[in-house]
Each structure stands twice: as C-alpha cells, then as structure tokens.
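Here the chain labels run A, B, C and D in written order, and each chain numbers its own residues starting at 1.
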C-alpha cells in the first residue's frame, strides 16, 4: 500500500505531509491560511497536495477540516470560522490534483492519529477533547470513529454546560467551548488582568511581564508558560479550564462510558496543573461514581502532527 | 432457534414473557416486586422463569434490570432504587433454573425491543429516552447497542442540565432525570397545586378534581389524563417536561448526531402536547442547527412490553 | 415605659417572654405548636400572652410570625408552613387579651433583637440572614427596618441563585432557601450518606454513628455536631452552605452595600467552618471587589431569644 | 434658593444644564467626552461648569458620574469604563470653579430626576433600572436615595442572574448587565445575524437592511427601530432582554418589595414589546406571587435630561 497525504487546514496555516504505513511523516510542507477566502484556502490545499505529490508516490489524500463534514466524506456543510457553507471540497481537490481525496473533520483526524499511532494506540475506544481556538471532539469505539447519522457526531465542544451561559461562537449559549477553549482562556486572562475582578484573584505578575504590561497582549501559550513559571492567576485560569473539562467529562461518561479520554491542544503543556483539577471535577461529576471504574485521562502525544497523520490514515480506510 | 424468556424487573412488578423469533409474546406471567428485598426480588425472577419454562421450550433467558450492568452481562453493579450492589444476578438465576441467562440494563432492553420490533424497526440507529420513575436511555448504532467500556453507556438521564440544579436520586445535582422524569413531573404538579406558585400559573381544576382535591394524591398518569382533558396546569407541566427533553436532545445531537429519537414511558400518552415543545426546544438547542438535517422524534410503540421483548431478544445475541 | 411581651411563633413551639427596656427577658413561657391548625395556633398565642399578662404589667404585645405580614403590622397575608392565608392575627389576639398587639415577620423580629441588644447593637445598618427550616432575612438601615411598600421586603431567602435550580418550598426554582436552609442541609446530608454520590465525597463515619447508621435519622444539629467532631462529609456540607450564603451576599452587597451581615440560626454553632467559606465566596462574588471596603460577617448572639426580644421591642415603636 | 448646575458625564458626551427649582433646564451646554483621559474629562467638566456659571447665578453644582462614588459624595472610587480610580473629583472641580460641588452616581442622579420631576413624581419609593452601555440601578425609599454603608448601594446591574454565566465587564460572571444591557443587546443581535444560530430564529430582514447587510454595523437603536418596523429577530431580542429584566425584578421584589419600577434608557422606545415580556417574567419570578400586590413597571419620562436634572437637584440636598 502506498503512502498517503494528510492535509491539516487550520485557522493560521495549512500543514501537509506524506505519511507512511507506520504513521511517520516522511515529507512536509505548509502555507499560511489565506484569511476568510474560500477559493484561496482551497487553492492552498491543492497547492500543498501538488507539491508533495510531485516528489512522492501517493495513493490517496486526506484533508482534515474544521466544521461539519458530510457522511460521504466529501462536503463541508458548515465551518463557522472558515466561512464555508456546503463546499464540495473533495471534488475540487480531486479535479485539480487527479488524486482520490477524502475529507474529514479536523478533530476526527487528530483523534484518529492519536488512536492509531499516538496516545491511544493501546486501547480500543477513546474520547478525544482538543483545546484550540474552539473545543474539538471525537469518539472512537471498537476501533472505528463514531460518525453519527450525518457524519457530524462528536461535536463535544457544544455540549451545553450552563443554561443561558457564556455566548458561544456557534450562536448558542453555554457550550463547553465557551468555557474551555483557548479563546475562552485568553478572554478570561485578559478580563482578569484588566478589571482586577475577584473571580480570579491571584497575582498576574509573571503573566503581565510576558505581555509587556498590556493585558491585551496575552495569548494562550503565555498563560501556560506563566503558569509553569508559577504565576498565580495563570494557574487559576488553567485549573478553571480543567474544572470545565472534568464537568463535561462527567456528562460524557454518562453517555459514552469510555475507558480513556485523550486531551489535545496547547494546554497539554500545563501538565498536572491541568490534569489534577480535570480529574477531580470528573470524579465529582459522574453518576454512580462510587460504583464504577473511573475513566483515565491522558494527554495527546503527536502534537500538531496528529491531524496530518490521522487525515492521511483515515483516507486509506 | 427456540423461544426465549424476557423478564422486566420494575419497581412495582416483575413481568415476564415467552418471546418468539418475531418478537411476539406467546405467554406471560407477573409478580409484585417484593420491596427493597434483594433475595425476594431474585426469588421472584427465578419464580416467573420457572413458571414459564415449565410450559415452554426455552433456549435462553434475558433479564432486564435497572442499574449498572457489567460488560459481561452478568452482574448488577449498582441499582439505586433496588438497593442492589454488585449482585451476581446471572449466576443466581442460572443456578436456580438451569437455563442460560443474560442480564441487561432495562432501558437497553426496552430500546432493543423498539429497535427490533417497534418504533425504530426501520432505522439503523436511534437514541431512546424513556420517562418513568427515572429517565432511562440507550443508544443503538449500526444495528447494535452502544455499551461503552464497562457496559454502562447510555445513562442519558444523568446528563447534567443545570449546574447546581435540582438534586437527583443519584446524588448529583441537575441531572436530566431530576427535571424530566415521572417523579419530577409529579413533584412539580404537587408543588404547583399546593403553593399557588406562579412558575406554573395555569388553573389545575381538572387535575385537582382527579386528585379528589388533595395535591398529595396527584400521580403521573393523572397529569397526562388531565392534560388531555384540557387542564391548564397539566399542559404547562407536560410542556415543561418536553422542553427539558428537547434541550437535552440538543446536547445529545452534538455528541451522537442521531437520525431518530424514540420517547418511551407513560408520558407518550400526551402526544403532541409533549412532542411540540420537545421539538421546539430541540431545534433551538442544537449547534449549527441551520446547517444540518434535524433528528426526528417518535414515540415508542411497544408500551410496557418493550422491556420483555427486548431482554428476550438480546439474550439470543 | 412598661414592659412588653414578645411571642415567637415557630414551627414546633410558641415561645413568649416579658421583655424589659434593656432587652432582658424577665419571665418566660412556651407551648408546643398545634400542627397546621389555624385556630389552635392563634389560641396558643393568646394563651401564652394571658399567662404572662396575669403576672406582669404589660404595655403592648409583639407577635413574630413567619410569612408575609402586611404594612399595617396586623395581618398575616401568607405563611406557607403555617397554612395561613390573610389571617387577622392582631385583631384576634387583641380581642382575646385586651392588650394592644403588633404583628411582625419573624426574621424582622430576630433582626431587630440583634440590632438593638445583640450582635449588631454597635452599628447603624445590617443585613440579617437566619438559617432555620427556611432562610429568613431582614434589612436594617439608618436604625430602622426596611419594610418595603407592602411590608414584605427582606425576603432574602428567595433571592434566585440558580435559574431552574432546586425546587423551593415557595414553588419557585433556585431560591437561596433551597440551597442554604437547614432543610437543604439535611436533605443534602441524607442524600450524600445514602447514595454514595461523589458530589460530597468525604467520609461520614461520625455523622452516621450519630444517626445510628440510618441516614434518614440525620438532623441539622447532628451535621453541625459531627462537623465539630471532624466528620469530613459534615464539614463539606457546611462549607457548601457557606458558599451559597457568600454567593448570595455578593448580590446583596451589590444592591444594599451593607457594612455588616449577621448570621443567625443553629448553623452558627459551626463557627469558622461556616464563616471561612462564606467570607471566601462573598469576596469572590462582589462586583468591583478590589475597589470597595468589604462587609463584615458576624454571628447572631441572642440565639433563640432574638425573636422574643425583637418582637417585644418592635411593638413599642 | 438659587438655580444649580447638573453635569451628566457619559461615555460619549458631557452634558450640562442650569436647573431651576421646578426641575426645568433653563440653559444647556455639552462637550464630547475626551476618551479615557482622566485630566481631559475633569477639564471638560470644569469647562461646561464655567461656561454655564458665567451666565447664570449658581448655588451649587452636581456632577453625575458612572462608577462607585463615596459616601461623602466627593470621590469616584472606581469607574471601569472611565478608567478612574479613587479620583477626588469634587475637590478638583471646586478648586477650579469656586463653586460648591457634589458628586453622585449617574444612575442615582437619573433616578432622582425621575423621582422628583418625572415618571415617579407621584410615589414615595421606586427602583430604577436604566439600560445603556451597562445596566444602572438606584433605589428610592421614603423619599430618599438608598445609599448603603459606603455610598454604593443600588448596583442592580450586578445582581447575579446565572452562575458561571456570561462574562460581565466588571469581571464577574452572570451579572444582569451581561444579559440586559444595550451592549448585550447588540452582541446578541450581531451574533444571531451572523451565525444563523437557532437561539433566536426570527428573520432579521429589516435589521440587516438598516445595517447595510453587515451584522457588524448593528447598533442598539437599530434593534429598537427594526423591532418597531416588525423585524422578527429584533422583537425576539427585545423580548429576551425584557425576560431578563423581569427575572431580576423577581429577586429585587423579594429583597426590596417596591411598589414601582422605572425603566430608563433607549430601549424604552420599544414600549410594550419590552414591557409585556418584562411583566410576564416578573410575575413568574416573584416568591409568593399569588399572595401579594404586584409592582408596577413604568418607563422613565425625562429621557437624557434625567441625569442633569437629578444631579442638579441632589446637589441642593
């Protein structure tokens, strides 16, 4: 079986790689994401595919995209951040490259990468939560992705945590994503550093130093780094994010009863500072918790490569 | 293949039947449930099984029980309302009857009955919510029950709807079951009829008439019947229950993306009075709702037989 | 000025005393409360009044009652737990005793007792929260009770804490009383001890010992006593109650900006185990908390006498 | 008694007037608000005061400012939107103008204007909620402002409506202001028009027309105007705002028991479209609602002049 290409379409860059049977990336390329421009993004996907295919023998191409991908793995029905609506992405890339193409949801791709070659390669089922701009999710059961009737199961970031809660980018109120995404982390950090509120009361000395004194400069990686340097506010913010993840896991355990959760995204850098409050909240939030085995929570191990590897491998199925 | 026995262990009665390959119940028996008495209930299960096996050739016995049933389909790990803790139910019934026995969760049994022979016999996947003393749940995907790592997936009644919300029988706060069960319906009805609160403001004339003037007499079937007779309070209460179901479906769609929901339990008698607010809330609560097909909501069709039929049929698998 | 009688009408007993100008009780009597019987309770109030008036020269009688008392201080408009509706309590006691009578809300009476002769005798304004069967409240401002347009201000137990939260005895959902009353404390204790839930996960060894092994026997004073003996579950439950009080205080500070809160009721026995989480939550929940003086929280000092003393003293005004 | 000057310090303009004993504004002036510049804003306040004082005989000056004003009516302790921290505003304006100056909170000023000369001139107590960038509040009782121990009572916009709800500008989560301010109205409108969410599902045809097709252009006055033109989405958004106000009023009635609420700010233009859902939610949210008189809700009548008139009149007290 030949190698395949995996393309990971992100908000800031489009990363692609040639992936072999063992899940190794044997060649790579990338482009900046043309902002909010449908044709531009599709063009860049075609471009990286052609570049890699020119140098390697390729069987199939997997494209991992944010948003709702249809059950036929060909169309992006809805991708809020990319402004895509019912885009025939598979046909457009196939027509331009002459290669067979499969489109997958980006969290599904990352989950599959971790399941086949990463953090969950030793288990048969897992639930992935990946913390980025939003909160992505995916469910693997009996060795296969749980896709749902329309191909869009596993939108775990849109589990409702709080009725009439924080407004989510999807237009609903109170979604997990509105509390536990990188975007929420940064918004909370900026608000706490600005308003001297007491919701988060710790000193933000190190965090503000990193942000050159301006809360508006705070980024997600800064929060994680400041927490690792002992910044109190940053540690509170990461513990708060973990608490939300753990409470969501309580509901996810009630419905899926998984043995393993995998946490992906940059916040994984926070290690135990994230994992302990997550586990504590998860145990507190699960029905019948005294009478059942507890799920384990692991961090993803493939980092940014998970999407490329997973999309490439899924395309072979 | 021979007929099998299905036993449905409920809080008030233990109902059993001999079920043929077509899902028809060809013989029946029942006992009152001995209250809170482990040996008594196990004895009654053995009793009905022996009674039916004496007259019919039986291949296997399926017992549907409330609570957490282990992945081996043999032990009841936890059943709050039956006061069972880690009960080796399969072995005890097998030893006493000499027949092979399989234990299943009661909502799984009912869901399987509806999936094979009832409301969902024409689809490949479904999510069941059954409204009784509690709220039971089950998920069928690709023609099989979704069981989870420990056999206890599908506890949909314990999806958290409200942080720090109404206390649930499971000890957590804010579970769906605390808002949308028959128990919650009766509690709300009694409270509304007693305290002249304005949360539910409709006239309860017909409902109080049925209850002989004493709110303490109100039962779930009375609420449904009074609603059908036009009682305003009863209609509000049923619409409120439907709203909770619909909001829960919003989260369940995000995670499962099912094509079909099946609603079971006595409230199904309320028909469109329940279905309309359920659908309205479901559509309002689903992420990306403008860009996806909507799930359909159906009522179960097998009534109280679903558990017997489903348990008997599952035992053959 | 002559002495006055104060009568405190409680759910289990009717306690009365002759109170002098210094707030001292110079004579006492009491009766058990006739359950749910309007005439019986009124009769007992008349009875204790006559008994004390026979031995003492009395100027006026103050009756502190649960429920909504009208602005004219004569009628009980609504008292859910006593099943009173629009009762002309002043006239009935005046007619029977020949003494001038004033009716006051019980929490107002207790607050006034503490304000004049107890925990708040050194300040000009205070907000009282008293934790009993329900959560009572009263506000003193510029040395006078805040009564509102209809005489029923200060129903602080019915501040909404959680939309669609725990059902309250008043028929609404999510009132403070549904989380922070003695009734809620007992319900949570019984549920936690019964269901082995993990919401409250501490060991309940001492608490169950006091309850002779049966969670159904647990009472409020048992929880406080067990907490003082180091019972983990009891301490968690009291900290949880304190957290709710503190969060409510956050909203009460936004609206009243008081210098002082007084906490009454039996939970005061829990001392710092209650006070610390209360203060912590209060500080976390107040708007602009970094830019304002923080309110102080004190315990009431008159105990069960506060209602008698306050009702007697208010009757003189 | 001579005339006085009232100055209303707003986020976009500083408006001032000479106010006579009857509450009429006999002369006016204004300046644009220098953005985020403490000295500039103070300078503009001095400027308008000098301009008016040059032409009129003035007894005293009242300055109405957003934020926490101290009990001595001289310092602004905290004004988040003006970036003020512990500013000695009274002294600075007195030193520059030679006139006696009193500083008041802006919502208190507006409430006092309405109480003395506007919508509430016929009552003795009222609670004001004013919907602008934030949600301001004020309480008048027995003919006087309720000021609290530190001068900062009546911050009704920071009543907590939803635990862990929408982030508020003050740094807390779930404040009324985060749901019912003009800012929230615009945010909801832009989100609903952008994401085709189903939380608000009505057609936004007229609203988008007013916004030239770009949801980012939507303003608060556009929402009110579009609602008056029949735009479905705009009507839903205003009804939602009214629902939040009504639910907050439920809690405010429990604590204050007012006879009258006055609603100020631009949303008053929405008339019954706002008032009906407000009243409906208020009645549904009040404890013991079946056993008490209901508060009435009125719109403010002085419009933008309320702050000038109220500040000028309060300065005389």
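To be clear about the criterion, a contact is a pair of C-beta atoms (placed from the backbone, for glycine too) under 8 Å apart; a residue touches a chain by one contact, two chains touch by 3 or more.
Just so we're clear, the structure is a prediction, and the values are computed from it rather than from any experiment.
Engineer: From chain A, what is the lowest number of touch steps before chain C is reached?
Structural biologist: 1
Engineer: If you average the Cα atoms per chain, which one ends up farthest from chain C?
Structural biologist: A
Engineer: What is the distance in Å between the mean C-alpha positions of chain B and chain D?
Structural biologist: Taking the mean C-alpha position of each chain, the two centres sit 51 Å apart.
Engineer: Round to the nearest whole Å and give the separation of the Cα centres of chain C and chain D.
Structural biologist: 35
Engineer: Can you check how far apart chain A and chain D are, centre to centre, with Cα atoms defining each centre and the answer in Å?
Structural biologist: It comes to 42 Å between the two C-alpha centres.
Engineer: Residue numbers in chain A touching 2 or more other chains?
Structural biologist: Answer for chain A, listing residues that touch two or more other chains: 80, 161-164, 170-172, 196-199, 285, 291.
Engineer: Could you pull out which chain D residues touch chain B in their complex?
Structural biologist: It comes out as residues 163-164, 196-199, 201, 283-286, 289-291.
Engineer: Touching residues of chain A toward chain D in the complex: what are they?
Structural biologist: Against chain D, chain A makes touches at 80, 161-167, 169-174, 179, 187-188, 191-192, 194-199.
Engineer: Applying the document's contact rule, which stretches of chain A touch chain B when the two form their complex?
Structural biologist: 68, 77-78, 80, 85-86, 125, 137, 139, 141, 146-156, 158-163, 168, 170-172, 175, 247, 250-252, 254-260, 285, 287-288, 291-293, 295
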